[in-house]
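We just call them A, B, C and D in the order they show up, numbering each chain from 1.
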Amino acid sequence: MASQATFRAAVAGASGYAGGEVLRLLLAHPAIEIGALTGGSNAGATLGELQPHLWPLADRVLEPTTPETLAGHDVVFLGLPHGQSAAVAEQLGPDVLVVDCGADFRLHSAEDWENFYGSPHAGTWPYGLPELPGGRKALEGSKRIAVPGCYPTSVSLALFPAYAAGIAEPEAVVVAASGTSGAGKAPKPHLLGSEVMGSMSPYGVGGVHRHTPEMTQNLSAVAGERVAVSFTPTLAPMSRGILATCNVKAKPGVTAAQVRAAYAEALDGEPFVHLLPEGQWPATSSVQGSNNALIQVAFDENVGRIIAIAAIDNLVKGTAGGAVQSMNIALGLPEELGLPQTGVAP
Amino acid sequence: MASQATFRAAVAGASGYAGGEVLRLLLAHPAIEIGALTGGSNAGATLGELQPHLWPLADRVLEPTTPETLAGHDVVFLGLPHGQSAAVAEQLGPDVLVVDCGADFRLHSAEDWENFYGSPHAGTWPYGLPELPGGRKALEGSKRIAVPGCYPTSVSLALFPAYAAGIAEPEAVVVAASGTSGAGKAPKPHLLGSEVMGSMSPYGVGGVHRHTPEMTQNLSAVAGERVAVSFTPTLAPMSRGILATCNVKAKPGVTAAQVRAAYAEALDGEPFVHLLPEGQWPATSSVQGSNNALIQVAFDENVGRIIAIAAIDNLVKGTAGGAVQSMNIALGLPEELGLPQTGVAP
Amino acid sequence: MASQATFRAAVAGASGYAGGEVLRLLLAHPAIEIGALTGGSNAGATLGELQPHLWPLADRVLEPTTPETLAGHDVVFLGLPHGQSAAVAEQLGPDVLVVDCGADFRLHSAEDWENFYGSPHAGTWPYGLPELPGGRKALEGSKRIAVPGCYPTSVSLALFPAYAAGIAEPEAVVVAASGTSGAGKAPKPHLLGSEVMGSMSPYGVGGVHRHTPEMTQNLSAVAGERVAVSFTPTLAPMSRGILATCNVKAKPGVTAAQVRAAYAEALDGEPFVHLLPEGQWPATSSVQGSNNALIQVAFDENVGRIIAIAAIDNLVKGTAGGAVQSMNIALGLPEELGLPQTGVAP
Amino acid sequence: MASQATFRAAVAGASGYAGGEVLRLLLAHPAIEIGALTGGSNAGATLGELQPHLWPLADRVLEPTTPETLAGHDVVFLGLPHGQSAAVAEQLGPDVLVVDCGADFRLHSAEDWENFYGSPHAGTWPYGLPELPGGRKALEGSKRIAVPGCYPTSVSLALFPAYAAGIAEPEAVVVAASGTSGAGKAPKPHLLGSEVMGSMSPYGVGGVHRHTPEMTQNLSAVAGERVAVSFTPTLAPMSRGILATCNVKAKPGVTAAQVRAAYAEALDGEPFVHLLPEGQWPATSSVQGSNNALIQVAFDENVGRIIAIAAIDNLVKGTAGGAVQSMNIALGLPEELGLPQTGVAP
């Protein structure tokens, strides 16, 4: 280890769920030294009050999110509300690796951005999903990373093998269940424990969820044609995890063996995305706390449809783990460095 | 009340979740007197040991499930393993109302039954989903009722308005999340609290779940053509409830207004199935303990698809409540008699 | 039923958990007609938006909480923040039955009130725990009822038999686990589903919880001497329920048989408070949605201590059910009228 | 790392919760190479089928638990049913470090063992709770380790500072809430998700839980006099975690400052047991997946009682983490090596 270069990283938005999870991973990362931690309204508080599970950092005090506090780091992770990342990144300059866990730089289409986010488009950064075709190359040496949304991560990983192999029609029906941490730490009535425990509910139904154009963008790029996505997110009574059930019509003549071969080939050698043995289906508990995505696929011959299911931890592979994995690539470190491949279960 | 006729009801399988829920509802039913309670391996135990929430019946002792113990009742509810209902019903004779919470008599097609259940087909009884077109008529005066499966109840209620109005293509993609009580009370490792809490997982993927042909049967009858169903059930970390997300392609030219009108018309006047006001989506907690099904529908114009979502309590509208509602109709009682329309929330 | 007098009831604070549960019970109450529903910041909204589980009232609109909207009812239930009940009650006049689900009128001691609530003492109303010695008599014909706190209800029911029989030393150690609905519906970060699911945590430790003097008051009255209570509340990952574990030293010479006899005698004939058969312990799921309190007691001879445990639904017997039960007594109705004795489980 | 000696470890009982958690920790341990994995009825299955969260070991096949499969390791972890460890340990010989996660060798008193476990006493091994006075010394160089029970770990850590400082009377009242994984992976009806979700329930009440004599043993050794423990365990609706609320009478004249000082001193410098800042209380979520124990203490002057609360992860500090920590000491490795100090939250 001693021979490994060490990079100094700051985390802006350290009191939120994304920022906290970045810190949990960085604490175990052998090439990272944790620098400044900043917050908005929480500046001045200790991390121990806000993130009591991050014991080794309990005495650290949150600083305000300013250019001064974030200066002097090799890497800066941003866990900020939409629309704030561009200004911060500009102030940090072009030599600092800026990893944005927010949405600002994910979409190529300014029109999509404006339709779904209602503000001017800030631009597009290299996209932090290395497993997509060409994904790693786009991240190597980059100084800017747009971390994907948690739902698009799960759905893109579940479906890109089918589109890469050309075996699926360009219309996907997706229903995903997410743990409540995906909705963040700002208290709202419908996120109270009393409301979510023992209950499943949908939201953002009918193509209005902001992650929809991101899924379309990813899958269309792989398919070489526009892939329409009908996406329904649901809130599940658990803190973490996404289970994405993706259902697409197979192209005429496709066989079950071809489906399996497409997935085996596309995921072969991936360090964090694993096709399960036939007959075994993924549970979100199996990836809790880990950077893994577990994938399984079935071909329903009666209806000619492919059902691909992915389980990820929304805060790890879906956010902070994807961020660190992409950072590793951008910094020239081993891609798996410091990232957990075992889940915390039961 | 005193002027109301009273019927005497027995429950076979009173120690299970279905039987227990039938009893919970019958305890509040003004026209029912609870008679014999029977069990298999639990015969001899008190109900207080097995169903401690049914306090008024705590001292009742389970009898063995025999023709003798079930004789002398006006109504017999069966909560038995597959394949046992036919023999019991035959022994009870044609004048006793037999309400089968199991699957034995749900399917019309002997071939479907044999493919999915692997045993000889016992026959077909009037189907206990009054809301389907012609559903009430089939139950009036009947002495046999096949209570629908919990998933088919939710999916049929969510989609029949679209097929009745002729606005949907005959292929449905369904992803449903169920509470663990749907899997019954027999202890299995994957149903342990340690395994299910904090986790979502799929099962029976790829068209192999036994409720699939039942959905196809119901929706095809409404549509007047064969409706293919691609059904994926998932296990959610909650005891009760089903959230069924149903996604179908709209027929060409269909508009959002037509979709809403189809649902408003189909559900108008239904005592237990309610179309929510626009913008409000159903949560399973809202129907916990109640016989209601809450429905909402959206039309995604970008992809031309209708998304209909139903929330039910799998043990009430999905099993015991549907059973009692159908019993009411068969006995000539008011359909709503004794059935809760308020949920227990939060 | 037709011969039964009907009373018209208003609910102030109908958008909260207490108010919603009062409404759930009143909907099933044969002698109550539901009148005005009022709210604070939620006035103008429909109940369907705020309490979607109360389907039969979905179209009702919340009115502001004013003397005018609450006038003209026989009964007014108050689910208001501390300190507001006195003024409302005064405006309603002495002939209206006012049932206060808040704390304002529970304590006899002005000093205790001021120490724990930090405001002037409003007075003391008849206390709505009929099972305590003299409890029913105090409520008969009363026009004012102070509904007990949820924790004091559980602890008083678990321990009063020991103190009534004179078998316990006057110092009680109590640890109670509560579902999150006890903390109300106002969104706070520590009550988010993400925070409470999968986690147990204590709060108000060291004698500072406001329910402590209420427990002391109740148990001291029964014991005829001051009973010190060391009370630790904990937050459990569930929406409803209180499990109160109460541990007291037995007086010298007390035997296990005496302990059991004391409980059997004290709870004999109670409609809602039940001593379980020996060997069976209460679970909160068994009383979910019901007005029952399930009690069990053990005598640990090695340490000479009595362990009494109560399970209640904090929103029913702990709040709204206790309120309706006391209302029944005050109005001269049968005490059990309209109150559920079966739980919703699993 | 390269300079660090590497030890080869086998795990007997690798399909259970304790064995799985040992493996999760060993996978991250830089000085351990994982050798044989054995199971009972699960021999022949892959670990991927049984513990899908342990991805890096998914292809490993469970061998039968025999002397042959366990031979040739430096360390053997035993996660076996009670009564089997002695025979296995004997066959392994005196030079192998045997770490028993079971109860067989925890108790000094053969009488206690026989009373609580109903079988002959196998003996006593060095006890794996290094934080107790003299605890580390007893483990250094040892070839046998008895891993403490999960409840005794939490209670001993919460109360030993009070007894070490001589400020507490020798009678402790303890109520602890445990996640369901503490009850193991063998399926039983009362451990089904349907039964435990949304419910709290006690068990083993009245001094009959097997962990009671172990707590008495630990605390009595610290206090220098027999400490009576009245212990009530409860089952909480979560997979992991123990929250132990411990309540003891302070000796006459003890002050709040003395209480705090006793805890600060006793826990000073401990790597895994931490006294929280005043005003902050521990939640089990904060230690999920970590080897930390978080402690807080209050002195209730009104009743003269000390309330000490500990939160641990029952599978980590309460079982596998305690085992690895003790192994580190026995092998002469740094005590913290490979053990997580950050929790997985939310």
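Observations, loosely collected:
Convention: a contact is a pair of C-beta atoms (placed from the backbone, for glycine too) under 8 Å apart; a residue touches a chain by one contact, two chains touch by 3 or more.
All figures in this text were calculated on a predicted structure; none of them were measured in a lab.
When chain C is fitted to chain D on its Cα atoms, the angle of the rotation, on a 0 to 180 scale and to the nearest 5, is 180 degrees.
Greatest Cα centroid separation from chain B: this falls to D. Spacing of chain A relative to chain B, judged by their CA centroids, is 38 angstrom. Centre-to-centre, using mean CA coordinates, chain A is 45 Å away from chain C. The residues of chain C that reach two or more other chains are 17, 179, 181, 185, 192, 194-195, 197-198, 237-240, 282-283, 285-286, 288, 345-346, listed in rising order. Across the interface of their complex, chain C is touched by residues 17, 179-181, 183, 185, 187-189, 191-198, 237-239 of chain A. Per the touch definition, chain B reaches chain C in the complex via residues 1, 17, 20, 24, 27-28, 48-49, 51-56, 181, 185, 197-198, 239-240, 274, 276-277, 280, 282-283, 285-290, 292, 294, 340-346. Chain A makes touch with chain B in their complex at residues 171, 173, 175, 177, 179, 192, 194-195, 197-203, 205-207, 228-230, 232, 234, 236-241, 243, 245, 247, 281-286, 288, 296, 298-303, 305, 307, 309, 311, 345-346.
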